[in-house]
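This report refers to the structure that appears directly beneath it.
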Amino acid sequence: MTGQATFKEDCMSQKTRALSRRQFLKGLSVAGAASLLPLRLLMPYSAEAATAFREQDFQIFRNACPRNCYDTCSIKTYVKDGVVKFIEGAQESTFTKGGLCVKGYAYPRRVYSPDRIKYPMVQDGRRTGNWRRVSWDEAMDRIAKKILEIKEKDGNLLGMGLSKYSGNFGITNYGVEGMMSSLGYTTRFVGTPCWPAGIDAQNYDLGDMWCNDPEDMVKSRFVIIWGANPAWCSVHSMKYVNEAKRRGAKVVVIDPIFTQTAAKGDVYWQPETSSDGALALGMARHILDQGLVDTDFVNTHAIGFAEFAAYLRENVTVEWASQVSGIPAVQIREVAEEFATADPATIWIGYGMQRHTNGGASVRAIDALVAMTGNVGKEGGGARYGHLRTWGFNYHALLQKQPEGSTGFIGATGPKGEFDFTKGEAASFTDRTVNINKTAQAILDTKDPVLRMLWVSCKNPFAQDFDRPKLEKAFDTLEMVVSVEQFFTETVNNSDIVLPVTTLFEEWTVNASYWHYWVGINEQAITPMYETKSNIEIAALLSRKMNELSPGSCTFPQDIDTREWLEKEFNQGMYDYLGIKHWTDLKNGPVKAKLASSASWSDMKFGTPSGKYEFLSELCQQNGHDALPRYKEGRKAYDEFRLLTPHTKFGLHSQFVNLDWMQEFNKEPFLYMHPDDAQEKKIADLDTVRVFNKVGELKIKVKLTSNVAKKSLVIYEAWFGAGNDFNVQNLVDDESSDMGAYKTGAPGVAIHGQFANVERV
Amino acid sequence: MQSSMELPLVLFTVLSQAAIGLVLMNAVRQCRCAGPGEGNVRMEWTLIAAFMGVGIAASLFHLGHPLESYRALAHLEKAWLSREVLAAGIFFALAVLAAVTGREKGSPVLMWASVLAGLLVVLASGMTYAPPALPAVNNALPTVFFLISAVVLGAGFASWFAGAESQPLLARILVTALVVGLVVRLTVPCAWLSGSEVMRQTGMAWLGAPLYWVHIALMAACLGVLWKSRAIPVWLPILALAAELAGRAVFFSETIHTSMNIGGVY
Amino acid sequence: MKKHYAFLVDSERCIGCFTCAMACRNYYHQEKGVVWRHVYPLSEEIYPHRERAFFSLACNHCENPTCLNVCPVEAYTKREDGVVVHHQEKCIGCGNCIRSCPYGAPVYNPVEKRAEKCSFCHERLDAGLLPACVQSCPTDALKLVDLATLEPENHVQFPPGFPKNAKVNPSTRFILPKVPTMVRR
Amino acid sequence: MNDGCIASLEGLRDFFCASSAIDLKDAAGRIAESVDAAILPGTDWTAVEYEFNRLFVGPAAIPAPPYASAYCESDRVLMGKAALEARQLYHRLGLAVPQEGVIPDDHVAYELEAMIVLKSALRAEASSSPDTQALHAWFVREHLGRWLPHFILATRTHASAGGVVALATDALAAWFDNELNTIAASHPE
């Protein structure tokens, strides 16, 4: 038995050979003596361990999945001999409910993969593979000297850039931004490729992005899931959709792809991609015509409905909506009426549908549909998009002061992302911000001073940033690239220095969700392996070196205990909101916020300038958009097929798919296309094809399915690890979406406003 | 494991069936012609014992733990594989005994005991390799295939030992067995094509397997030779053995398992 | 009827997320290539949309288990509660169970050179816990049931896509997937 | 069991836990000396370091992880049973890996050091205790025997021929063969 280190041998213990080896070590002399005796009746005792599972055999820790995911699961980690044996979902959270997902259950593999990055290393020449081990001290020395050199050369630190996003959402990881601030004013890649257009839209309409508790979806009488695929991307939410359905709700799924979620609904609509605004407005027009508007809501709690109604009457018809979207008018009328008369009714607005040049406008149209039917502020209702209400931490790690006398950029204001909780302080200088969604172009374009150095953490730009061919060119202009990573990604290959970072089991932090209302603690379950360090420990090391070389050049604390820093993230407001006395209460399990109502906006006090729901938003107009949620056309096709590159169920962006455990179930990527198109292109099932457009190309096997609309190509984004150069960013350009700059610092990106062609190879 | 040819099992079943066939032919000759002891008794039994011995030895190689093979006798109550092991063991012991004790005349007791044990081996093999997971052969076919193999190989190899007076008989038996074998081998996969999905897939797999056609061609060649020469040339049994090995490899590697199609129509 | 644990596979709820399969791997750390629980997509003849309906299957803990019947070394036993247990230390790796089980439940462990299969997490059952896969399922699509008390509702024993073998009498029960109303452009 | 053997083991230990070209050069020199091999003059030690890291350290996926578990656990998961087995052995010797759990206990360098301890003990005890002998035999046959040959094979497959890493690997293989033979002679199974 060479078997594995869990119950297979420990509890079931039928592996006598394994036992004998273990016992050999424990009781050599006794066993030796016994073997010499002429025994007839007695047999060697094979210490049959208890056949039942025994919890007391383990140390149990609380962890929280820090990935960029709706579900942000609370984890229970079972440790024995200092080794993570297995994990499971926390039972205390009604959301996680004892189970994780296919990705979460692969975590033990991440910690103990021999391919983890273990030591700080320096590459002599990017992409050469010539790596040398250096001590943390030497790594920091190189980095600190480069930082000081940049300051010396440019007179400021704007030549140092930070590219960080959602690879680890543990709150203390905002220490990376804190580290940058503590060095001075730098260049930040701001914004988000994820959900910015929708965030702005909801801010214009409602005054914030704030969704109902997903658990109250069970109360809905009519559920529309619009451009979201929770069956893959929020598996724990599906039980609420199922339950609503069981209680009699109708579930309509609207998506250009017949998704797994769509397969679980009652009705599936496959509209023309990015025609969502027209569809929502067509429904709105019909509701208006049928007199199904919630007049109390639109008159008392909203402004601008008259103008909106006028727009609908003058510019929108159901037939027009049908023509634009491809959904028959009769269907639009039927669903609109049912939605308007169901009480409550809700729409889950997915992030996929706003990744378009008209994404923000589409979200506003859907918000309007929910509002005009009086479903805002109602339990079981709501235009559900996301929330950051449980994120009221101190951001102690994030909030660091620039060193005395730092100079920076003059004039840049505005947020640095949706998770930027800094209150706009008046400062003579600021960081320079560039658009995270145009990383490659920003590196190439930024001048005075140019970007000389890039710090990458919680992000894998080569897998996630758009226009990958351009990105490689851009990286080549940088003088130094430092990556903080767990695995050898293409980004690490394009770095000069790599710093090994801890996994969730090796650090203390706390995690909140942008969807549900549970907050879970992340305990350090095992000693950090090799020379890995958490992001804030790395920041502390850098600070120590900076101050050693140039006293006062970095304000970040130089000695850090991740547990203490976790503690510093909490405040009375959080304690009250969560109904706990102290953060250590979270060791007993995750806790849900004490909500006055499961509905957002239940008091009808909106965050808009008017304090009401704004069908007509002047703020929106000031920011360069329509005041009304008018229809906006999507991006014009630039190639023969629509190209969609959404999330796979086997990974989260570039994480998890590379693990061999995952590859047991998901061996290779596929292109999905409609059989009719394939016939035209003389492509057969499982053929290898070349997908190409103006950005680049990739070769991939094809699966034919009518789940995909005609004239559409679908490839799920992923990073398959070493030996597989599959990368959808070879086909996605960096075209901006309409909204996002208002609340996240940069417009979003039209990930699904992409086009390509395909041929058999 | 599933897709492999299971070479050890191919060797075991074919060689054991050659041994059993020899014993059967021995019995036939004794009934029809001379008494026991026709030809070189000791050599014949030595070959029988050798076939079975090599077969058993080969079979050990398909075990993960060959040294623990003796425990395979533990489940005689239900498992055909245990019974197969027992019967093959008995057969082998009888053959060795016959080879050692065989003089001018073979012992009829040993011979009839061997016939009985041999038929039991064929039956047990036939049952063992007819599991519910292989719908195409979850029936009497394996037993039929194995019996045909036994007769073909038995008649072939017996020609090495039989006296001149028995040769025409053996040739007739061989021709008959080959004809039956060809008919069965050709019709069965075609019949599968109109059966259930996994049977159909098995039929397709067999018909698409080069070794299947090698088997057919070699059987036909044997028939052709016999047609011309009206006697069994000394090398013919080797050709027949090659044919049966090819056919058995197809049996083990190309028969589709129901679990291959879960989620599909059955 | 006496107690007989079984898996209830509710394909109407199942989202094919593979959580159950990975939960099994997370718990037992099987050797590479050794999979106890598979998530099989239904073919388009059975469910008209590719890879959108699934059967999550491991061992079916049959009433009359083929594996147990054909094992020459009596490495299989059936517990009072219906769980079919493979005692790996008895196994000699002959592969007979692997060849014989119509459901592909026993698999060959190339390192051990012995067979192995889903144990129904009987060590967890005995401790009053659910099997790892059942506990992990986010949609309650995979359930632990007792055939003795299972109400005859809308579940079936031999749905299309699952080999029919009344004689071995697999204990797994299924609820069939549904197709939504399709409105396409 | 002579000083040469211990010196060779020490060289191997230091080689496999080297973190720089200097470490590698020093350890390789001692290994070469102990096995009467020569290192080519003009060897580019930085290139040796690159190769060493490519094989054993990272940051890219490593083809020859120097940990027993990577070979004993078929999915290459580290901190498996082999690591805990090594830990128990060290404990029996009154030793432990510093900060257990940080570097897997079954790293080849730790195991070689444990071997040095065992061999020294065997040599020191006039009539070495059966316990130590048995422990040593077990360690060589049951533990190292299960993974070291695979590690050596993986290294040979991916190391450049005639290089320093290959030389060290050959020395490791030669030592291990010798150790197995000695045990087979003095301590039959």
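Chains: A, B, C and D, in written order; residue numbering restarts at 1 for each.
Heads up, the rule we're going with is that a residue touches a chain if its C-beta (ideal position, glycine included) is under 8 Å from a C-beta of that chain, and two chains touch if they have at least 3 such contacts.
In this text, all values refer to a predicted model and were calculated from it rather than measured experimentally.
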Exercise. So which chains count as neighbours of both chain A and chain D?
Worked result: C
Seminar exercise, completed: One chain pair leads in contact pairs, namely A-C
Exercise. Distance from the CA centroid of chain A to that of chain C, rounded to the nearest Å?
Worked result: 33
Seminar exercise, completed: Between the Cα centroids of chain B and chain C the separation in whole angstrom comes to 36
For this session: List the centre-to-centre spacing of chain B and chain D in whole Å, with centres computed as mean CA coordinates.
Result: 52
Exercise. CA centre of chain A versus CA centre of chain B: separation in Å?
Worked result: 62
Seminar exercise, completed: Two or more other chains are touched by the chain B residues none
For this session: For chain D, write out the residues touching at least two other chains, lowest number first.
Result: 73-77
Exercise. Can you list the chain C residues in contact with two or more other chains?
Worked result: 29-33, 111-112
For this session: So, with touch as defined above, which chain pairs make the list?
Result: A-C, A-D, B-C, C-D
Exercise. Where on chain B does chain C make contact in their complex?
Worked result: 1-2, 6, 62-66, 68-69, 71-75, 78-82, 85, 128-129, 131-134, 198, 257-266
Exercise. Where on chain C does chain B make contact in their complex?
Worked result: 38, 40-43, 45-46, 54-55, 57, 66, 68-74, 90-96, 98-104, 108, 112-114, 160-165, 167-168
Exercise. If you look only at chain A, which of its residues touch chain D in the complex?
Worked result: 2-5, 9, 18, 21-22, 24-26, 28-29, 32, 81-83, 108-109, 112-119, 121, 124, 129-133, 485, 488, 492-493, 498, 500, 526-530, 660-661, 721-722
For this session: Can you check the complex and tell me which residues of chain A touch chain C?
Result: 1-8, 11-12, 14-17, 51-55, 86-89, 97-103, 105-108, 231-232, 235-236, 238-239, 242, 253, 258, 260-272, 325-328, 331, 649-650, 660-662, 664-665, 703-707, 709
Problem set entry | In the complex with chain A, residue positions of chain C that touch it | 13, 15-19, 21-23, 25-33, 35, 39, 49-53, 87-89, 111-112, 119, 121-124, 126-127, 129, 132, 135-140, 177, 179-185
